[in-house]
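First chain A sits with chain B, and in the next complex the same chain sits with chain C.
Our next item is the complex of A and B:
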């Protein structure tokens, strides 16, 4: 077969990576890089209702951001949500994975059942928990009241101090199985020899977990934390359908705040500015984590 | 490891209880789908002691199973015929998956087999697009779509769902290509096969399973996606997760209808996910943890 060895044509043969990567590159440039620059451009503009068009406002959106207490509250809510839910999902996920790491009859079925939560649309999960946490007829509220945990007059999702917990519950329910499955795959591929040696030396189960399981699983745990962490920081669906950010600002996440500023309050430039900050925080945190935990693809 | 019978008993018992606790909300949601409007609001909540009815499904999918109609007249109005929305969901998930898998498979082959100087940076770039918060994509995309008339169209949603799934599909397919021994490429090229022939005739058949797993995951992520469809569509199309959150009338939420739609939308996803159990963890971790 003839392949041109000179001129621009030589890059466009199947022996070069270029034609293979061209469609992906074009699509990613058009749909992620171009919108990114468009967003930066938007953040220096604002919609002027009287002129019915975008006007240049310089750094005004960025200086507003610094003084906007609702924005900082939304960062706070997102951070609390991020750390609490991540910790719960990692710890519960590990405990359940250790529990299910066995060849008992029926355990394969149990592992399969756990995967079902992952494919339910998060918006539907939000509605499921909205129904279950309903103060009047919700099955979860009813159970908590019967157990005496919840005051009979307290509605979970409209009490400022409880609302975020109510939303977190949906997240923990849906994504703890994500951790369980990943950790189980890690546990299953652990080498047997170190554990046998430790048993002979009389190590306790906890010592073996602490000194062998955790270090050997470090990479798997890091990947799980990275992927889940990215999604937690940009959480939108649950709060949108369950609380719309309320009561007050108790469940306003940054994503929801940016979205509402843009599409509900027609502050196009300001919403874009907030979404850019979210993007910057995620990229910094993720890259820092990738470096510290030495995650590689 | 040898366990005492007592410990073994407790382990099995606790494992079943934990998993049933996770299964309960799904089970409860399915019971709501089969409940009459009155029974949904009963206190104490009815778990199994209710009279099943298909009325919710009949209303949502415009079917008639010939059973007794709901006794409770709907107050507050609302049209809950959602069969077209199910079709919208299928069209969008199908085409976005098809495009994502095609583009990703080609790119993944090159990233796995053709070393070039900036390859690691390229992979890092693909990965970093997976980190972009959807809200930071959807705001500019909304205005771009508005300018080129892609708002409220299948094409617009299909394209953005494809883009959303590309990082996952590329990294996952790359991990499947990485599993194939390099000697196969080398001997085929030595025998005079072109790259394209090698890819088409030897590589693709070897990663069939990987392509299927990737396609299933892309389909599910498109099927369950919420924010893009919520923002980029208005009246001519909507997917199931978005309409599910709109079953609200002036007198309350139509829980039964919503649950019926949600339950029907979950079933295909359940079947799919059980088909790819073996590749699931690899998929969820973008190809980095293998089972």
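Our next item is the complex of A and C:
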């Protein structure tokens, strides 16, 4: 009989980390590193329909991208979407989390219902809001018209100045509960002592929120912003279902543009280039945020 | 069981299914127990979405079955291919849905082959085909080819005439390639001298209008563009916002918007390209078309600029719009009282006549065929990468033969056939009455194919031009982002030049 020090098991000891890391390393190499390098390689090629193969185009995709006004417009739309939706979801998420941070009867149930929107596929949510915002049959359009907020001849999703807001509504509705859940988890794990001391010192609720809750929650908020921020930057489903990027290019996000170039027009190289630039932008923004927010992992 | 009991049971079974008291699975199971099987399935009752098609009494009386001769032929020639699996990626169209949901089991039973049909959005079909061709994997044995892709894929599929000649022992008796409507062969399933498969389906623009509203207003079906506009305007002014005179598929950036544009463009004597391959949508005829379309748009519901064909069809079905110059395949659903508020109230006619003489094919570029009846047909073809091209050819012949097309048309909800003989088939004519799955519009469809059909140009860049370059800018125009139609069309011309230059 072999002992662990003699057979293959001798490699699986606590002081030898490499064998334990091997499975994950293989997975990462296969599903992260290889696609990334393949994407970089692809960005210097383009599919030639007549030759039925990828051909080397050098830096053409990159130079085209720099001059592509549609791409930069889509970056602009994505940025607006990113900042507005993120701000709304963080603020609303925090407000609702503060309201639900209670042990009174019924609050547990309310917290449980928050998960409901998260289990609905985004494409279905997009379809729901598409119908709700329909100028003929939509309940939301009807309500806004009844309140005098919306003109009867103004279709929300077909009006350039309103379309992006119409799409944002769907996102905020679906993902604010996600922020609430994260914030609630943070709030409920805060130590009670500082708050008790503050109360004894006569601090107001707002002072306690600003001086205690926010600083203590900083890391949780930062993580939530990071996760949602990355998600928001690659938002696709809602615009695809609700507006197809229109009217005109008013809601064309960078993900939709990359998808269109890659799959509708079979420009695989150009699509890869757009995706890489998007990745670079996300990395820069995320690192900038980590530095500014002084998040330490 | 006595014959009379059997009939009574069948009528009862049909009645329960038609009234949705039992689901399709239960219906088929009980029909099978009764020994009806194919008879009941083929009685013109069901369509892919599970809605009943014809009345209980009629269903109980009539039997539609696949031809026993054809199934015998399938059985005979398929012997060497038993156990083969064939794959097809297709858009969700009536023929594909009817075959997938209802008719495929007959072929599979007779041939011993398995047929896998992937129903996908159109752009995903294109994506899968392109990947399949680029990789030469032969994942798909058959390709569903939209008419606008014919140029791109003409060399990747077999010409059915070559297949017939090369393997006469596999040719279906009386398949008759000449039975396909020549206009569809030219406009949908050929590029240069090659046939790119055979015409498979033919959605085409016809005029559909509310007979009751037209009678109330003292109108007759419009025969000219201007008459159509005047009627639409009058209806909107008198009955709006409850009912509008016209409707459309005008969602910004969507292919449907480009489809509407071409109908008005061609109808005003314009064309997308000239014989030199330059964009001409911004010439005088193009601007006249835009002027007309802008006026007509003002008679449509406000939501029209957010609708694709689905919204457009719904606006008529829900009684919001009184007319629609669009896809004829919507018509049967308008007659279905379960899906529409206007059952029996709609009438089909040919599209209004063009304002001026149409441009000839010689005056346009890339094989563009001007005509107010915009067609969006597709073909079915065997892939040259298929590992089982002979087996796929057998399936293709069965799927597109006259008998199967009759069943597709009757079971598939009144979709337009691509074969001449199917339009005259008694089983198809028998469904020409008010009700779900009606075929009473097919005479208009056939006349439109013969006289009014318009086809888009065939060029590799067309996917980008028709799905993005043109409809995005048209969308901007209708959203008020251009100062004038001329400004919009000039911008489109510049953008088209950029795409064409690569």
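Just so it is clear, the second predicted complex is superposed on the first by the 273 of 297 C-alpha atoms of A that agree within 3 Å, B and C clash if a C-alpha of one lies under 4 Å from a C-alpha of the other, contacts with A are read in each partner's own complex, and residues count from 1 in each chain.
The rule we apply is simple: a residue touches a chain if its C-beta (ideal position, glycine included) is under 8 Å from a C-beta of that chain, and two chains touch if they have at least 3 such contacts.
Fair warning: this is a prediction, and the values are worked out from it, not measured in the lab.
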Based on the superposed arrangement, let me know which partner A:147 touches: chain B (first), chain C (second), both, or neither? neither
Figure out whether A:263 sits in contact with chain B (first) or chain C (second), or with both, or with neither. both
One more residue to check, A:292. First (chain B), second (chain C), both or neither? neither
Figure out whether A:249 sits in contact with chain B (first) or chain C (second), or with both, or with neither. second
Chain B or chain C: which reaches more residues on chain A? B
First, second, both or neither for A:136, with chain B first and chain C second: both
Is A:279 contacted by the first partner chain B, the second partner chain C, both or neither? first
I'd like to check the shared interface: which positions of chain A are touched by both chain B and chain C across the two complexes? 136-137, 263
Please name which positions on chain B make contact with chain A in the complex. 1, 8, 11-12, 14-16, 18-19, 22-23, 25-26, 28-29, 32, 40-45, 47, 103-104, 106-107, 109-111, 114, 116, 122-144, 159-160, 162-163, 166, 170-171, 194-196, 199, 220, 223-227, 230-231, 240-242, 244-245, 253, 255, 258, 262, 265-266, 269-270, 272-274, 277, 280-281, 284-291
In the complex formed with chain B, which residues of chain A make contact? 1, 14-17, 20-21, 23-24, 27-28, 31-32, 34-36, 38-39, 42, 96, 99-100, 102, 104, 106-107, 110, 112-124, 126-129, 131-132, 136-139, 142, 173, 176-178, 181-182, 184-186, 188-189, 199, 219-220, 223-224, 227, 230, 233-234, 236-237, 240-241, 255, 258-259, 262-263, 268, 271-272, 275-276, 278-279, 282-283, 286, 295-297
Touching chain A in the complex: which residues of chain C? 123-124, 126-127, 130, 133-134, 136, 152, 241, 251-254, 301-303, 305-306, 311, 315, 318, 320, 460, 463-464, 467-468, 472-473, 475-476, 478-481
What part of chain A is in contact with chain C in the complex they form? 47, 49-50, 52-54, 134-137, 152-155, 157-160, 243-250, 252, 260, 263-266
